Amino acid sequence: MTYSKDFLVKVYRDLAELRMFEEKLVEAYAQGKVPGHIHSGMGEEAVYAGTLATTKDGDYYKITHRPVGAAVTLGVSYETAFSEAMGKSTGNSGGRGGINHISELSKGMLGFSGSLGCDAAVGPGAALKIKKDKTDNIVYVYYGDGTSSRGPIHEAMNLAAVWKLPVLFICQNNQFGISTHISRGSSVENPGADRAAGYGMPSKIVDGTDALAVYEATKELVDDIRKGNGPAILEAKAYRWRGHFEGDQTPYRDAKITEEWMKKDCVKIMEKYLLDKKVVTEDEIKAINDELNDEMNKAIEFADNSPAITADEIYDNIYA
Amino acid sequence: MLKTYAQAIGDAMKEEMRNDDNVIVFGEDVAEFGNIFGITRGILEEFGPDRIKNTPISETAIVGSAIGAATVGLRPCIELMYADFALVAFSEIYHSIGKWRFLHGPEYKLPLVIRMAMGSSFGAGAEHSNCVESLFMHAPGLTIVSPSSAYDAKGLLKSAIRSDNPVLFFEHKQLYQTKEEIPEEEYTIPLGVADIKREGTDVTIIAVSLMVKKALEAAEILAEKGISVEVIDPRTLAPFDKDTVFESIRKTHRVVVVEESHKTGGIGAELAAMIQEEMYDELDGPVVRVASLDVPLPYNIEMELHSIPNAEKIVTAVESLF
Amino acid sequence: MTYSKDFLVKVYRDLAELRMFEEKLVEAYAQGKVPGHIHSGMGEEAVYAGTLATTKDGDYYKITHRPVGAAVTLGVSYETAFSEAMGKSTGNSGGRGGINHISELSKGMLGFSGSLGCDAAVGPGAALKIKKDKTDNIVYVYYGDGTSSRGPIHEAMNLAAVWKLPVLFICQNNQFGISTHISRGSSVENPGADRAAGYGMPSKIVDGTDALAVYEATKELVDDIRKGNGPAILEAKAYRWRGHFEGDQTPYRDAKITEEWMKKDCVKIMEKYLLDKKVVTEDEIKAINDELNDEMNKAIEFADNSPAITADEIYDNIYA
Amino acid sequence: MLKTYAQAIGDAMKEEMRNDDNVIVFGEDVAEFGNIFGITRGILEEFGPDRIKNTPISETAIVGSAIGAATVGLRPCIELMYADFALVAFSEIYHSIGKWRFLHGPEYKLPLVIRMAMGSSFGAGAEHSNCVESLFMHAPGLTIVSPSSAYDAKGLLKSAIRSDNPVLFFEHKQLYQTKEEIPEEEYTIPLGVADIKREGTDVTIIAVSLMVKKALEAAEILAEKGISVEVIDPRTLAPFDKDTVFESIRKTHRVVVVEESHKTGGIGAELAAMIQEEMYDELDGPVVRVASLDVPLPYNIEMELHSIPNAEKIVTAVESLF
């Protein structure tokens, strides 16, 4: 495929932005600014950058706990995202929901659930609205390799397929559900793609460290879905670089394998591609990253200086 | 017009579907079959297959997709058949629905209704007879409706469908064929407002769903014995209309709560605890609970009837307060 | 395959017995002797008669609500079974559980759940005991075509496959879940077999009105499972002759198709086979049926005359 | 020896696994990782992969297979990680486990334990912090244990594993690292027996799990103010030890219930309702509940702390009775 410079730079920027967001989050967490647990998605950014290069206005998204930075790829402001992660009133839910609920409806985000898989059918549900409106929009539903074993995933896929809904299920196969390797969590090698036939859906498996490969595979499936041909599954293989949560020393896996995977750095791969093909210069790369760095630092400062909600306000968003 | 509770519910859905084309219906066997109790009959014919759909047997997907649909502006009025099956989608209802707005921010609202048929029905057994409202009362964010008559059911369901908040709507199987006069003209009943089904001065009975009928029977018997009973139907269990109940207690100073769920941890647990905590000085005795026994509902019909409240048990409970 | 007379007569007897049990149940229900609802399994008897011809001592079973008479095929006495169906103290749970819980542990029955699918993993659980004991026993887990869409089916299958447990899942595809044809309940034509590959399991589809065909297909899968090769799925296609429950006038389906299917009567098919091959005489057939009829009538009378438990006794079987 | 609550639980499992080779352990991340809180560390090494297994992320299958295993004579001691996730297997626990024996007959018993980590833990948020014991109290047939100390946790878990009845075992995350002297020699604590954690004469506080610690703090403060507090830890919520509680009430005539779940429909709802019903004449005031606010637990830590009970709130509640 041939790409425009704009397109390639946008994909690169999305990758760099997501990586940086994840880095800043880890840093803020280490500084004690972020409560609870975070789940770093470093190493898996291309799954989002690649798939989300296929979207159009009016599409909907159901993301996951890893990487939550995907919210900024979808357009949530850094201020909002970091504020929510830091539990501040300036976050999208005012710090009520927190790190796993950085979500903005105006950006097409449907929200997500801390009980894995319980939100899988939210995608098919939103797709009913698309069907009613007779647009060619679609819903992107992300889920992990580990989560593929949960019942609601099965129910959501079957429902989407029976009703021929415009939904793309994206299995982010980072090979682990906490400490459990996918070979012990799933009965098949490809917990996304190998199940597609069982719902009469098409599927593709793609290298989740190569954003353009992800884009191309997604595009094929998405074009088909937009035509009204019903749901599909994309499985993207990547690797979780860090522990499941910060502090996890990953005693359950071979550090050498992790090192190998870290060489397949999706941001670097894209950077190299852009430089090799002379799409951008080193300076341009640096400018992009500097700008991101600046803006994110400002956003973190903003979040840091934002207040928490007050005791009375915790009742505010329960009933509409 | 005289209508059954079942018809009143069906009518409410149809009227709201005419009012607003965002209202859609889905669930197991709701389309051609018109639901296993006949409640949704005629909807497919009038509104077509885009507005009412049979689902696979997939309760988590039914509830989950209602969340998604409601998030983006549809108004799903879905059904889970037996209320017992709400438990297979418990996390979706308890964690997701109840907390969706709180967790994601005020842009998010969930205008959805989950209809369920509950209660004992002569041998349906321990997994098809449960009254589970109390389990959901513990969840912040839910509106819980449990109507006791055709008139109420219609007016409350219409309000539920119009509500921007998620509503669990519990219908009692034994009420489906009970009839009541329903006005021709449109009406709604506000959520969160209790109804005094019988006025009285000596004791307040708070009764839920089918138990309102049993309480009214008991009130008749007690009237003959010289005890004047006020019967209050909360209609909405969450949010709960304390005002109406407290006003009654200020008059009667005695309270009995009647429900069909198990006694331990049931509706009466919360109401008794709350009333004695907030109205202690007004009470002349304990808040007494009449509820189903703490056993899985037996299949044998005699034992089933033995396990659930009836007028006689209510009379005994009331008499214990004098 | 060649069969011994004993074997063939046994399969025939199981079919006739199950059919008659179902007939008697419908009759007793019509007479108001059975509370609640019953789900007649007429037309589907060969699925049980055929699969259960492959069992050996020590195997376990998780049956379904249709036909509950499978409990008698597994050895529960007619007295116990009818007593439970009629809610009497002489039933296995003393009429506490009722029609959908006719179960005897000493016959290998694991019990079942009125919430469809919630009992699917009970089979894999029992299989852990078989693994511990290192026998070649297996667990038979039955489920309906409609139930195939429930999440716990997915979780149970994946678990059984990951742990390579000796479980045969049997999808009783009678083409309907209440009023919903399988084409609207499932995204694939064969909701059992088409999903096997998604768990790395072998599978077979078989005509569920032909007891010997069911037997042969089951035997192949079962032999493999007993060798330690992990779980498998058998899908047997039959048709629900009667309504979902008694009183269901089946407005949602074409009566002509029902008539066609009723011509494929699994009991008659087996009877004809036996007579054509001269394995048995008409008299022998009659003798078998007369004996069954006699015994069942006696059992119903016994149940009829049995008392219900008393009010105190309802607390008895809650805690051990 | 001084042991943490976490170690005490791990020790109980290991001892029982040594005692009886039918005891098996499975759940998410319990094997190599030793569970996300380190509770099951060392079990894989000692007992091997046939006795302890990681499962897929499949809570209904975890619970469902425990039912099957227990039915045929194994004694599974399984885990669901966060107690919040019990809700995704709610039907399996509530309908199936609680009713299995009742429904199938006395041949059937379910010697199984479900371990879960519950409670607030500094920003874990609304879906990883719930205390859900009260939801299960409504279900007939379950035994519910919620220990407040390392010593109790060990003795109770050993009894739970030996019990022929299904037990839900709730562990509080904030207690995991608390230490207590644990005897070298084997001991068990019977299920269904409350423990008086502090004797007193003026008021009875019934406190559950971590709230026992908060209640003891409050008792100290109140002692200085001249109020003598008796703190009772029910340890087992079902079956509930009424005797110990009632005896205390006969002495103090005042009761406060402290729990971490939401107030509405929580543990205190049942206990307050039951106590005022059965001990009305002994009470000098209402049974007062101290519980978490009826809001999804906020992520922001200040707001989280604001939402749950603490010693100060308990002191205020007790003082309201004088």
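Residue numbering begins at 1 within each chain, and the chains themselves are lettered A, B, C and D in the order written.
Going forward, a residue touches a chain if its C-beta (ideal position, glycine included) is under 8 Å from a C-beta of that chain, and two chains touch if they have at least 3 such contacts.
Remember, it's a predicted structure, so these values are computed and weren't measured experimentally.
Asks: With respect to inter-chain C-beta contacts, which pair, C-D or B-C, contains the greater number?
Replies: C-D
Asks: Half is the threshold here, strictly exceeded: which of B-C, A-B or C-D has more than half of its contact pairs identical to A-D by residue number?
Replies: When the contact pairs of A-D are compared with those in B-C, A-B or C-D, B-C matches.
Asks: So the centre of each chain is just the mean of its C-alpha atoms; given that, what is the distance between subunit C and subunit D in Å?
Replies: Comparing mean C-alpha positions, subunit D is 40 Å from subunit C.
Asks: Can you give the whole-Å distance between the Cα centres of subunit B and subunit D?
Replies: 31
Asks: Using mean CA coordinates as chain centres, what's the subunit A-subunit C distance in Å?
Replies: 45
Asks: Any idea how many Å lie between the Cα centroids of subunit B and subunit C?
Replies: Subunit B and subunit C have C-alpha centres separated by 36 Å.
Asks: Taking each residue of subunit D in turn, which ones touch at least two of the other chains?
Replies: Expected reply: 56, 58-60, 84-85, 87-88, 91, 95, 102-103, 126-127, 140-141, 295-296.
Asks: Considering subunit A alone, which of its residues make contact with at least two other chains?
Replies: Each of 96-98, 101, 113-115, 118, 149-152, 155, 158-159, 162, 184-186, 318 in subunit A touches at least two other chains.
Asks: Which residues of subunit D touch subunit A once you look at their complex with the stated criterion?
Replies: So the residues of subunit D in touch with subunit A come to 28-29, 32-33, 36, 54, 56-60, 84-85, 87-88, 122-128, 293, 295-296, 298-303, 306-307.
Asks: Given the complex with subunit A, which residues does subunit B contribute to the contact?
Replies: 22, 24, 50, 53, 55-56, 58-74, 76, 91-92, 95-96, 100-111, 140-141, 143, 164-165
Asks: Which residues of subunit A touch subunit D in the complex?
Replies: Residues of subunit A touching subunit D: 34-37, 87-88, 95-101, 113-118, 146-147, 149-152, 177-180, 184-186, 251-252, 308-309, 311, 314-315, 318.
Asks: Considering the complex alone, what residue numbers of subunit D touch subunit B?
Replies: For subunit D paired with subunit B, touching residues are 84-85, 87-88, 90-91, 94-95, 98-99, 102-103, 126-127, 134-135, 137-141, 238, 261-262, 264-266, 268-274, 276-277, 280, 285-289, 294-296.
Asks: Name, in rising order, each residue of subunit C that touches subunit A in their complex.
Replies: On the subunit C side, the touching residues are 149-155, 157-159, 161-162, 184-188, 194-195, 197-201.
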